[in-house]
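A short worksheet on the structure shown next.
A, B, C, D, E and F label the chains in the order they appear, each numbered from 1.
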């Protein structure tokens, strides 16, 4: 089957750059697949994308060399399995608070006997190739648990020991809220920033990858410097809105 | 009916800043309607948008204060009328080469006895308000003829004298090709640049508005300085792709 | 092939009641197919429906016993043929002003040697049945020319003599505008009302059917009394909006 | 952030009139937003609307002054949060049977520390405005628990005491079934009618709002007279079907 | 209400032939409804179909005489109820492992007092007819539990005794995986084949129907010979891909 | 830019096998792109596909190695240009009857100075690569004129001399009708069969390619033997329906 170059890169110790897709436009998806991101995340939680509109996005992302991954609406095995059947090569699951949550995520991504994924990779074998899809795919799906709740912080070390989990991904808005601060995609409160670094370090201590959300290349570069292996450099609507506002300002101020 | 603030601005001698929408995402459209553009153009010619996907875009653009306008796939009265029925408050029609082309455009935008628009403003009166829609709307629709062919250049002065036409809009790629140069959205060839200025000046000489396509705020600011009344500061896919590439580069180079 | 019960009814001298669909919802279409209309018109001119969203509407209308017909965006053979391929059993073509316009409509609805329809009834034979589709279908498609322009009025008798045309359909808004009055879906100006009756009478004098647009059952009943064979009793958005306003008023006034 | 005028009205002791949307047409949604309803409910339970088709409906409802609310497919925090992210300003959650059910609903609508809503108001801040969105939004979302099961009746008083719940909404079909009667959207059985009044009175006794489903303005006016603060005056498909049937009958009987 | 001819056939001891739909095309659905299948299953688990794209499929399947059934994404009452509201006349629920799972499925398909289905058959009464819909529908919905996990095998006899369950349906890929073999839609391992026959026999011993998945007419005929009452003869994408490959080979080898 | 391997194959004297897509499903499109066809034609004339649903089909076809081409709804430059902008690498234009028709087709496919294509290859440069897109693309687009009318037969030799036209493609249904026979996708009338061979021979005499429509691999193999360079081996709905009917029959007859 087709190699998950994102996992290869991470396993080789390289930093992966992630783009974030929150609108259900296959034209936008194809464009984001061609700009150099190592992977693009189709966001079904806070992005305005559902199971039905996600399909053409995965297809559009398959045209280039980027790796399509997904954030499900919830840590829901049914939806995770469908995203994998649709061609996602990785899952970033939100609001993982307990070992059970993390185990559910991992199990949904692996076929028996390792997990409980139901077999029916309708489009996945079109994308990945049917040859050796099973059992090789079990080694090719990235599994990230989002750490962004108080319980998730409490259980961080236990979550990081769940077998099969590849790493954790920080959602800074929810993390800030959980810690009693205003929600900020780019945290500035010292306690939150310290926690971000702490999570990154604990992930590494357990031999796992650490991923960090972000709104720009500058932010992602900063996260990379902190040691994060997987850094998000903004989402489509955010980057476009910022670019438009700059463009308007450039004319108004001229 | 609701005022066409874009026309008001142009009639007041102010420069209008236009955003360009080429993807069929209502989320993207709503975002572009909120960033400060005076108007946003839904592009059915080279954008990947058709009559069916255009409807939610006009609706999304109606939420904010920007003015929704459209470029039809062709200088086709049937499609122009449908775009107006869908709530477009302006039409930028491509490849206008003759007086007849321009007259066709104007006629399609006006009800009898001034023109030939067929009556049935299904969504337009939801957007504009039913009160006085007819006959007031005949004074509220912006009509721009694109000048971008050799014949269009030859007939420029005659086109600019077509009654009811509000102005001309330059398509720099086609203009460059027509003049024997490589297609460039941001022309650099002197002969083309001179022609761009010439078109702008002739429009003003005839008391009409001049519009110029562009890929960025810098480009649009430059056009405004040349005297253009209506300047496009980039399209969604172009601005997003550029922003993504910058973001990726920021991480890779850090 | 499946009988066009609408044509049968008209040929038997009965009055047919038409519903009008202007929104692209297959749920709405199915509902309108079940309320007792003899036929429902999918409106691609002023309705917010295009070729892509029309397909599920024709499918939904096929579930009940109503006959699906269509108004194309323009008197355009390509779109007329596609609507027939999609399962429309009748065409109401807008803005027919000349004998040539009417002949174009008729020709687009008939296969050679009678006309120029291109063969490829992809879904039509699913709806109609493949058996004897050709050549029987040539006798099963209703063809109505809309009379609503000054030229159409001038050429009325000649249009009514075009072989193969089944009748004329009046668009009261455009007719009013053409005659110098305010656009009204329910005309009240005597000259317009007289013209409506005149068109109806001329159609009958030529042995053709007469159809009249309308916004309600009362309006359609009135048209039936004037002798119209085909009467439209309102469109989805208009009927729904009126029903909602009545419902709101009922509560506010209680 | 933009005021929730529906909540303001309810808090001021006025009766709110609700429209109900069960078809996934943004044109229908925009029309229903302009007829005078205080709010319109996008129904993802029994309406034929899902997460993907709901987005343009919320956008269309945002054009007018009505307040968009939603009924999720289930009392599911993931879907409730996505509806809020999409711009819903209220949630009517079905089949609330226990205090836990009600607490789950409330928690899903509030950010930490009050609740568990995950932060990512992608479109919500476009609709509501980003300024003070957090924490003000926690006071701006209407939360209605549907009372329509035997357990819900048993636990009514306890449910009404759940902090943060704004009120209850009666689903008359399920309520009738639960009480051993035929399902009726407009109940006629005395025991059911008494229960309807009882639920309304208990809500008021606990200082909460009472909402009642209904099929027409007459029905909604009746509910308002019984003391309900929030009355539904019919859904799109029901109102349209009734209007069509009346129109057809008007012609047939003429 | 409209008879469920599939259930009638099964109850009469006849073998039912099932087609499987995994793409969200209403044109494909209509075609599959016309080729002679007794029923067609809309697959929301491994098919690339969701709640939003399922609606036009059910409508398209309603045109012919086939019976539309559905496989939900999960054994989820909310989605099962919505599929029934959309017009499904049967449910094949995946991964049923326990008596509780089976009871949940049955309960979701029956109205109180027999079950917990929520009342709101929006489109179902358009398809089935409103007359006597309740309570007759409780006897007209096919309920199949998929047996494909180790726990499901362990609990087979207990599952088969769940009141209201009509039968079991075998998912051969998951069954093979569960039993320690490679996933195969057409099993060849003796132990798996024996288990398939065993499940069929146990169903019959309990007076329930047995259904078997398959990829072709040959496979389905083989299952019928083994005694299965309900046999699947392939899915759209699989049958089409095979037909295309054969066609290409026919040309290449000529 | 990316090579048009279909043109390369034809120019090398090899026979190309074409698949035909008439349903608007991107899943079906991706499947058809992976079965071995040299190219797949997205049919906007008799297929139920329009400009809006065509986009994800082109994207899905871009995933594999097949070459995406298109048949427009009409020999309409506006639509042809949009199909090229969407990523089509070839155009099969229907009902070409005159030299002017053929010249219009060729002109729409070529940029100035060779033709009149308007510049804006929005998605085309994503598919093809931006490097050297202009002017190389002018040599990479396949242009086939459909010969299927009496006038087309009369003007065959003149059409074949139009510079830039790559060849002709026979529509057997329309050709049969034009010649006074029943429409047949697989002609059996000697006069029609002779004409098919004649068209093929005349194309070769003019150094142009000859393409033939067909319903199966057997048919396409037969056309290849007759000398056709481009042979269609069936469309999605036809191949699937035939496969389903065979599967049903296999069970019924067992």
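By our rule, contacts are C-beta pairs under 8 Å (C-beta built on N, C-alpha and C of every residue); 3 or more make two chains touch, one makes a residue touch a chain.
From a predicted model like this one, the values you see are computed outputs, not experimental measurements.
Participant: Comparing centres built from CA atoms, which chain ends up most distant from chain E?
Facilitator: B
Participant: Which pair wins on C-beta contacts, B-D or C-F?
Facilitator: Between B-D and C-F, the larger count of C-beta pairs in contact belongs to C-F.
Participant: Farthest from chain A by Cα centre, which chain is it? Let me know.
Facilitator: The chain lying farthest from chain A is C.
Participant: Please report how many Å separate the Cα centroid of chain A from that of chain F, as a whole number.
Facilitator: 41
Participant: Using CA atom averages as chain centres, what separation in Å is found between chain B and chain C?
Facilitator: Chain B and chain C have C-alpha centres separated by 34 Å.
Participant: Pull out every residue in chain C that's touching 2 or more other chains.
Facilitator: 22, 24, 27, 31, 34, 48, 50-52, 55, 122-123, 237
Participant: Touch graph across the chains, line, ring, star, complete or other?
Facilitator: Other.
Participant: What are all the touching pairs of chains?
Facilitator: Pairs flagged as touching, ordered by label: A-B, A-D, A-E, A-F, B-C, B-D, B-F, C-D, C-E, C-F, D-E, E-F.
Participant: Looking at the complex, which residues from chain D come into contact with chain E?
Facilitator: Contacts found on chain D: 22, 24, 45-53, 73-74, 76, 94-95, 148, 171, 173-174, 177-178, 180, 182-183, 237.
Participant: Where on chain C is chain E touching in the complex?
Facilitator: Residue list for chain C touching chain E: 26-27, 30-31, 34, 55-56, 59-60, 62-63, 122-123, 126-127.
Participant: Which positions of chain F touch chain B when the two form their complex?
Facilitator: 50-52, 55, 77-79, 82, 85-86, 111-113, 118-123, 134
Participant: Provide the residue numbers of chain F that touch chain E in the complex, in ascending order.
Facilitator: The contact residues of chain F facing chain E are 15, 17, 19, 22-25, 27-28, 31-32, 34-37, 48, 216-218, 220-222, 224-225, 231, 233-234, 236-237, 239-254.
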